Amino acid sequence: MTATYQGIIPPMITPLLERDTLDEAGLERVIERMIAGGVAGIFPLGTTGEAPSLSYRLRRELIEKTSRIVKGRVPILVGITDTSLVESARLAREAADFGVDAVVTSAPFYFPAGQPELREYLEQLLPELPIPLMLYNMPALTKTVFQQGIIEWAIDQEQIIGLKDSSGDLVYFKKMRRLAASPRPDWSFLVGPEELLGEAILMGGHGGVNGGANLFPRLYVDLYEAAKSGNLEQVRIFSERIFALSSELYSVGKYGSAIIKGIKCALSLLGVCDDFMAAPFHRFHESERERIAEILERHAVPS
Amino acid sequence: MTATYQGIIPPMITPLLERDTLDEAGLERVIERMIAGGVAGIFPLGTTGEAPSLSYRLRRELIEKTSRIVKGRVPILVGITDTSLVESARLAREAADFGVDAVVTSAPFYFPAGQPELREYLEQLLPELPIPLMLYNMPALTKTVFQQGIIEWAIDQEQIIGLKDSSGDLVYFKKMRRLAASPRPDWSFLVGPEELLGEAILMGGHGGVNGGANLFPRLYVDLYEAAKSGNLEQVRIFSERIFALSSELYSVGKYGSAIIKGIKCALSLLGVCDDFMAAPFHRFHESERERIAEILERHAVPS
Amino acid sequence: MTATYQGIIPPMITPLLERDTLDEAGLERVIERMIAGGVAGIFPLGTTGEAPSLSYRLRRELIEKTSRIVKGRVPILVGITDTSLVESARLAREAADFGVDAVVTSAPFYFPAGQPELREYLEQLLPELPIPLMLYNMPALTKTVFQQGIIEWAIDQEQIIGLKDSSGDLVYFKKMRRLAASPRPDWSFLVGPEELLGEAILMGGHGGVNGGANLFPRLYVDLYEAAKSGNLEQVRIFSERIFALSSELYSVGKYGSAIIKGIKCALSLLGVCDDFMAAPFHRFHESERERIAEILERHAVPS
Amino acid sequence: MTATYQGIIPPMITPLLERDTLDEAGLERVIERMIAGGVAGIFPLGTTGEAPSLSYRLRRELIEKTSRIVKGRVPILVGITDTSLVESARLAREAADFGVDAVVTSAPFYFPAGQPELREYLEQLLPELPIPLMLYNMPALTKTVFQQGIIEWAIDQEQIIGLKDSSGDLVYFKKMRRLAASPRPDWSFLVGPEELLGEAILMGGHGGVNGGANLFPRLYVDLYEAAKSGNLEQVRIFSERIFALSSELYSVGKYGSAIIKGIKCALSLLGVCDDFMAAPFHRFHESERERIAEILERHAVPS
C-alpha cells in the first residue's frame, strides 16, 4: 500500500476580476496550465487561494467551476478551514456534492484551541464529512500546531488520510512522517514551503503543495520526480532554479502577502488570469509589476 | 461634546442549547439581567460571544432577537469582525436593518495585514457600512495591532467613533486616548480586560467591555461610576471584588477558553441560560462545574 | 509594618567616556541630580544601566564609586542579573562589601528556565547573598516570567523583599501585589514602565523604577506623591507631563535601544554626563541629537 | 578552494564535578571519545557547553585544558558569545593564547540589537579578535537573527569564515548558503539541529555541530560522510538511527534543558564523565536516569 496522494498538488490561486467576482476564463487557464504541467491534484481554497478572504458564495462557485473544468482528470482537495464548525461542515458537504475527492482543514484560527479541544473539534467534524479529510498544519496563521498527540490519534482515524505541513519546520515534518510510516502507509505527507520540497521528498515525503506550482507547474513536478528517483544532481539543479526564482518573485512586496501577490502578478503578466486580490490585500502597483516582469524575463522559465 | 458611549457595555455571551441552536429564553434573561444591572449598551458577537465560532445564520438570528428584546432601551453594538470583507459588510447591513446602533470590527485575522493594508481594508469597508464603526484592538487573537498611524487616520473619519482595546496594554490605551482627546472628544475609549477597568476610567477611559459584566453587571457599573467620580476608596473596593472573583472564576479551565467557559457555567448555575459552547470549545465537566459553584457561593455577589 | 522601599528609585544609567571607561564626574552629577530630586533610592546595573553590556571590572568600579558618592544618603539596590550564578553571587558579595543595601535579580536570561528550574536557581542563589534580594520581572528581555507559583514561594523567603515589575502588564502587577498583601506587608512592589507609574501607585504599588527619573527625578517624585496621597487631579497632570515627554524622547531612535539612548543624549545635552553607550549600542548621531535638543527645549521641564 | 571546516564538530558539553569545578578526567574522556569517533573539530563553550552559565574563570580553565588534551589533533573553535563586548574580546584573546583556531559568536543576547546595531557590534568586535570568527545563528535563545544583510556584509570580511545555523530553519540555511557560494567558497556552513544534518549536507552544507555527537560521534560522522558522498540509502539509515535515538533521549526531561541533560546523563551512564549541570539546570533525578539507561540499552549504539 502506498500514499494516496503523491506528487505536486498546487494550492490554487483564486482568479478574481473584482471583489466577489470570479475570473472564470482565468480559472480555466490556470487549471489547464497546471494539468498540462503534470500536477497530481489541485487544491483550491487553501491559503494561497485566499480562502478566508472570500465570501461563502464565491467559495461555492469556485468549487463548482473547478470541478467542472477539471472533469476528474486529477483529484481535487478543497480547503474547508474555518472558525465555525458549522460552516466548515456545510462547505464539505457542498464540495462532496460537486464530486470533490477530499477536504483539507487546519485548526480553527480565531480562538487558539488547546490540544484536547482541537482533538474534540476534529472528533465533532469527522462525522459531518462525507469525504476523506487531510490535516493542514499552518501554525504561523492559525496559532495552533497539530502536535504529536493529535497526529497519533489522527493516524487511527481511517477517514483522515494525511498531513500537509506548511510550518517550515522540517524536523516536525520528519517526526510526524515517522509516526505514520508503519500503521498508515496510505497517509500522504505533503510539504508546503517550496524551498523544502526537494529535501522533504528525499526524506520520505510524498509531495508538495507549493504556491509556485500555479505558475511553473512543470518545474515543481520535475523536482518532485528527481527527488523521488533519488537523482541528487537534478534535485540540486531544480531546487536552485526554484530558489532563485522564488527568492526574487516573492520579495517584491512587503508583508506576508508578498508571495500570493507575486504569483498572481506573474500569472497576469503571462496572460493567464487577472491579478485582482481579495481584501485585505490588493494587487501590485505598476512599479512592482514592472519588477515582476523583469524577474520573469530574466529567469525565462518554460511553463 | 462628550464620548458617544460611556459606561459598561458587556460583550454578550451567546446562549446556546446545542450546536447552531440559540437558547432564546436564556438570551432574554441574559439581556434583562444586564439592563437591570445598569449597563450602557450591549455588544453581541464579540470574542466573549464566540462570534467566529457561530454560523452566519445564527449570527443573524442573534442580532434579530437581541434587537427585539432590547427594544431600544440601550444601544446595541454588533461585532462584524471577519476574514472576508464581503461577509463583514453583509453582516453590517443586516445589523443596520435590525436597528442596531453601531458595528465593531477588529483586523481581519487569518492573513496578518501590514498597517497600510489594514488601512486600505478599513477604507474599503467604511463605504459599505450604513452605521458607525468602532475599532476593536485584539492582537492576541488577530495577530495585528491597530498601530498609532491607523488610529490617527481613523480619528479623521467621522464614521469611526471609538476604540475598544483588549490588548491588556494600558500604555497603548493611554497613548491612543491622548491622540483622540482634542480632535475627537466624541470618541469612546472602552477597555477590555476587567482587571484594568478602574485604572482605565480613572485615566480618561469612557467605559468597559468586560466579560464578567454578563454575570454581575451591577458590580462593573459600580466600579465604573466610582472611577468616573474619582472615588478612589470605592474604586479599590470594587476592583478588589472583581479581581477576587475573576481570578478564581476564570482559572478553573486550562487554555484561553477558560474565561468564556467560566462565565457561561456560572450563568447556567444561576439559572440564567444554558452553558453549551460552540466548537472548538465545550462546556465544563461536572467536576469543574462544582468548583465554579463553590466559587460563586463563596463570593455571593448580588446580581 | 510597611513596604521597605517606597518612592522613586531610578534605574541609574551608567555614564561612560568610552568603552570600559566610567565618566566619573558625570556619575557624580547624575547621582546628585537624583538625590536633589527627592529619589528614595538608586538602582545601578539594571537594564537602563546597560549592565549586561559592561565588563565585570567596570560593574565593580561603578558599585564602588556609586557607594562613595551616595554616602548612605539613600539606599542603593544593585542589579546582579546574570546568566552565571557564580558571577551573580560574586557581584552580590562585592556589592555587600561596598555597603550596598540590597541586590536585584531577574531570571538567568540565556537558557529560559522552566518554573521549577527558576525556583531551584533562586534557592541556590539565596544562601550566597549577604544582603536582601528583590526580584525583577523582565520577560521581554529574559524570556522568563516569575509566575505566580514562584512569587508565592518567594513571599515565604524572608530574604526576598519585593518585586520590581517591568513587564508592562498591570494585571500581573496587581495579581502579584494581592498575593503578598497580607503575609508580607514589608514587600515592595515597584513598577518599571513610567507610563504606568500613576496607576500602579493608585492601585497599591509602592514606587517606581523609571528610566526617565534619571533625567527629571522631581517630576517622577511629584507623580509618586500625588498618587500616594490620592490626588487624582495632580496624578493626571503629572502623568500627562511624563507621557508627553517620554512619548517624544523615546521615539527618536528605532529599536529597543531608543529609550536608553534618548535618556543619555538628553543628560548629555543638559551637561550632566557623557552619552557614550556600551556595545551593541552607540550614541545618537548629530541629527537625532538635535531632535532631542528640540524636544527638551519645547518641554522645558525644570530638573 | 573549499570550506575551511568540514565534517562533524561537536558542541562539547562541559563536564563538571560540582558548581564551578571542572571534571578533568571526564573532559579527557569526552575529548578522546570524540576524536576517536572521527570528528573534524571540537567546539567548547557553545550552548550545549552551557557556556553562559559558567564563570569566566571556569571558561578559561576549560579552554586551557581542552587545548592541552587536544594537542592540535583537530581544530578547536571556542564560543565567545556574551552580552559584553569587552568580555567577549578578552575571552577571544585568551583562547588565541592557548592556541585555539577560531572563535564563534552569536548576537549579544540581553538587549536585542537592531540589524544595523548588530553589524556595528561585529565591526567593533573584529579588530579585537586575533583569530578568525564564525557566526552562530541562534535566535531562539538570543532573540536576534543574523539577517541577510548582515551575512552579505560578513561575506566581505576576510576574518569571518562561516556560519553555524541552529535556527532549525532550513530555508534560512539554504538562502545564506547560496549567498556565500560564489564569493566565499572557503566559508563553512554548519548546521545545528541533528535532525537536519543529512538534508543540510545533501544540499551543500559542510558539516554539523550536533549535541548528540558528544555521545556517539561515529554515528554523526557516518551520516555526514554518507550525505557528502550522496549515498541516499545510507543517509536514510543513519538519519533514522539518529532520529530514533534523539527523539527518545531528548524528551525525558521537560523544558528546553532536556537535550543537554539527556546527553550528560547518557555520558555519565556510559562512564565517560559526571552529569553535574550548572545552574539554572540540574542533573536528572534517579527515575529519569533510569529511563535514559533503558533508552541507551535498547538502542545499543556502538560508540
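Which chain is which? They are A, B, C and D, in the order written, and residues in each are numbered from 1.
Operating definition for what follows: a contact is a pair of C-beta atoms (placed from the backbone, for glycine too) under 8 Å apart; a residue touches a chain by one contact, two chains touch by 3 or more.
Owing to the predicted nature of the structure, the values given are computational and were not obtained by experimental measurement.
When each chain is reduced to the average of its Cα atoms, D sits farthest from chain B.
As a whole-number value, the distance joining the C-alpha centres of chain B and chain C reads 36 Å. Multi-chain contact residues, meaning those touching two or more other chains, do not occur anywhere in chain A. Taken together, the touching pairs link the chains into one ring where each has two partners. Pairs of chains meeting the touch criterion are A-B, A-D, B-C, C-D. Those residues of chain B that touch chain C in the shared complex are 168-171, 174-175, 178, 193, 195-196, 198-199, 202-204, 230, 232, 236, 239-240, 243, 247.
Interface of chain B with chain A (complex): residues 19-20, 47, 50, 52-56, 58, 83-87, 90, 107-114, 117-118, 120-121, 124-125, 141, 143, 254-257, 278-282.
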